[in-house]
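What follows is a set of notes on a single structure, which appears directly below.
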Amino acid sequence: MESEIQLTPSGRLKHFLSVSGLSRALLTEILDTAESFIEVGERNIRKVPLLRGKTVVNLFFEPSTRTRSTFELAAKRLSADVLNLDISTSATSKGESLSDMLENLEAMASDMFVVRHSQSGAAHFIAESVTPNVAIVNAGDGWHAHPTQAMLDMLTIRQHKGSFEGLKVAIVGDILHSRVARSQIRALNTLGVAEVRVIAPNTLLPNDVECLGVKRFTQMEDGLKDLDVIIMLRLQKERMQGGLLPSEQEYYRLYGLNQQKLAMAKPDAIVMHPGPINRGVEISSDVADGPQSVILNQVTNGIAIRMAVMSMAMSGQTETNTSRKEALE
Amino acid sequence: MESEIQLTPSGRLKHFLSVSGLSRALLTEILDTAESFIEVGERNIRKVPLLRGKTVVNLFFEPSTRTRSTFELAAKRLSADVLNLDISTSATSKGESLSDMLENLEAMASDMFVVRHSQSGAAHFIAESVTPNVAIVNAGDGWHAHPTQAMLDMLTIRQHKGSFEGLKVAIVGDILHSRVARSQIRALNTLGVAEVRVIAPNTLLPNDVECLGVKRFTQMEDGLKDLDVIIMLRLQKERMQGGLLPSEQEYYRLYGLNQQKLAMAKPDAIVMHPGPINRGVEISSDVADGPQSVILNQVTNGIAIRMAVMSMAMSGQTETNTSRKEALE
Amino acid sequence: MESEIQLTPSGRLKHFLSVSGLSRALLTEILDTAESFIEVGERNIRKVPLLRGKTVVNLFFEPSTRTRSTFELAAKRLSADVLNLDISTSATSKGESLSDMLENLEAMASDMFVVRHSQSGAAHFIAESVTPNVAIVNAGDGWHAHPTQAMLDMLTIRQHKGSFEGLKVAIVGDILHSRVARSQIRALNTLGVAEVRVIAPNTLLPNDVECLGVKRFTQMEDGLKDLDVIIMLRLQKERMQGGLLPSEQEYYRLYGLNQQKLAMAKPDAIVMHPGPINRGVEISSDVADGPQSVILNQVTNGIAIRMAVMSMAMSGQTETNTSRKEALE
């Protein structure tokens, strides 16, 4: 069970692998903790000593300067020491197994691994089987999950809408290949919004997408009606070549968010996007930069959410390790 | 106007983009501030808390390990958190626009961007149009300016000559393609030296070089006479292939600084070079390592100047942002 | 003499280049200091302020993410500022000489260089001729030495065996090309073990290996008898192509350590390996992960040894520089 791996016996976070299996109370605790770090980000000295003397290793098996930078900044604002490892160029090329490499890093007294991997389940595997005593934070694994992205989106929604109650939210774009969408759907349902919709051409929707607890729409006209929140996904341009999509122009005509389509949602609907934006492909510039866009708020919240998750998981893991050591003595 | 972009309403530095438009008083303040950091560099604990809790992002669109390292060290000695971004391998490759990337970094609560770019005017553009509330420091843009290099040179001259009054200074080498030379000429004239000369073959001099406030020389014999300060420029070897220059040997024979040519200047003339040195191309080893060389002093001063500029711009920018927030409340 | 370069007039460490020339007392001081840092690694806040305000530059002319990471973590736990320079991509490519580059780094007020180089003697050369006032730590030079690896091995042996007295230790594998083996042999003899053995095919043993103070064995059956400590070396797979070795399978059959061969040593013998491990080539998985393996202890000790060596060399170097400055005043 994902919940058991992620939690201490007393129910505190010790890894952050997935939104799945976490209760509404725990997700709310993450949002509340992040909110307190927003205030830190507005101070002249944006630093708290919560992770002082702790070592955070950014283990990026799949390169992502943007995501890595947000975790690096979050860790440094918590006063942690940060080690960036780009694994493609590292010891695995010397024929060392992944397990050996991770156990070596653990033996160097690393406290937390932030893991990005192209394989679904990589962060889970590490937390369960390789280094369970190191706090693992999932920074994106294959098509499976990108839970810090989902939680920063939740924080942004709560800031602008006050609560999740009664909200209608749609996710628009390539649901099929999106780890972000899977995490968002789970988080929205756990936090109790009224309705989660997905809007995409059939070729970009999983067959059984309704099982995730969403309503399926293939037309923007239908899906945008009465919406409070519109979450646009980034179009991975490489999908174009796979024959799953018509041209960029055609995609933009049908699913790109412009002012005209935005007008179909509620007048106070907010527009979100995980970035980086393809302007003129999934979103028009006037919408991206317009008054309903909260895209840059998402970025600011991304630092706060990562600080929250890192400090909570480190605290839970430290508690667990301390109990284990005391039990051994 | 360059001066307006760089200064707060009360005339304090908030970006450092160019020497142009800065008054003699402000340049002198930079030199005096740097002088105080020289003393920090000689302590056993070389650290001051001026930028504690601030985030400095090194944005290098053009790779330069040397320059990046000096800014990184300067920022760390000011206790800042530093994020190094090598942009060629970063998100811009995902089709994200430069503006979007910078606004994202700003939204992560970055306080300062140190910008190196192959396009002249890049740092200005960012300060004016993209992220005016982030302090921008120009670490070299195209052929336009490299103002921290010029200021460390000024500090070195003042240390060795006491003041700028009455000094005759020559810059020798590829003036045409040198952002360093442009910044040096501006700074020397603002600080009131008696005479600035440029010495180079005609193919390496801008047509209208006299407009910059210099005397043009094409022969070392003429230009070196009565000099107090000789600033050698690095020869970019790729110019050789462009047909602008004869062979390296020929260049060295005509414009390379050796003991014999050095003897044409004043006996207490100092020899400067921004590094890295091409020994035997623009300067002989015995001159580079000789008693009149102050090349390593320039390097030491480079850290102090960068600490000065970073702390002054951060302070001016923080003041501006605080006033703006208060006005909004 | 290596000893003279490495020591202050009063016999304290100021560079750490090689185990050669260091006394048993000094090696023991390194081990004792490291032991005190082991305790720091077990605290919740793993940080001591010994190198606060000091700048450590990791100069890796030969890439090694693993070794670089251990030095980076060790330096950060000592509160130093760390600058990582990957030299292959740095200024040397601009035609700058190594000496010029290092003198530049020294002029930036760097306090310590951690040097990894493919040429034997590189760290010595730098300490002797280039930047003697910067503390130099050798992180591996050609086939010559890898002294921090040897010292972490000594610490691991002492932890498990109490002392070095009466111990029989064998090093198994490619002695000929191993800088680690050279440093280990020197350290073991200086610390006074009863017997050091090398076990390898003749093609992987130096001709005059006995001069180093070891017994030569070409059969595992003979060499493993009565052993207290077995140190396996990593097999560099590129040696295979040089015709020095039969196939990997054949090597494993003859020199790979499995349970059956391990049983030939003393029942409480410990098994060591510098990592990364080639499982099934030089060691079987059940031995690597078995109760006699102390491989992960070696990794943990690697951080402590590096903290010890860095803090001792920095202290000796600072003392020397302070005396020199006072003498000049």
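When the chains are written out, they are named A, B and C in that same order, and each has its own residue count from 1.
By our rule, a residue touches a chain if its C-beta (ideal position, glycine included) is under 8 Å from a C-beta of that chain, and two chains touch if they have at least 3 such contacts.
Please read these numbers as outputs of a predicted model, since none were measured by experiment.
Homomeric contact chain A/chain B: same residue numbering on both sides for under half of the interface positions.
Rounded to a multiple of 5, the Cα-based rotation taking chain A onto chain C is 120 degrees.
Chain A and chain B have CA centres that are 41 Å apart. Contact of a single residue of chain B with at least two other chains is seen at no position. Residues 52-55, 81, 83, 85, 89-91, 94-97, 100-101, 103-109, 318 of chain A are the ones touching chain C in the complex. Contacts from chain B toward chain C in the complex involve residues 41, 43-47, 63, 65-66, 69-70, 72-73, 76-77, 237, 275-279, 296-297, 299-300, 302-303.
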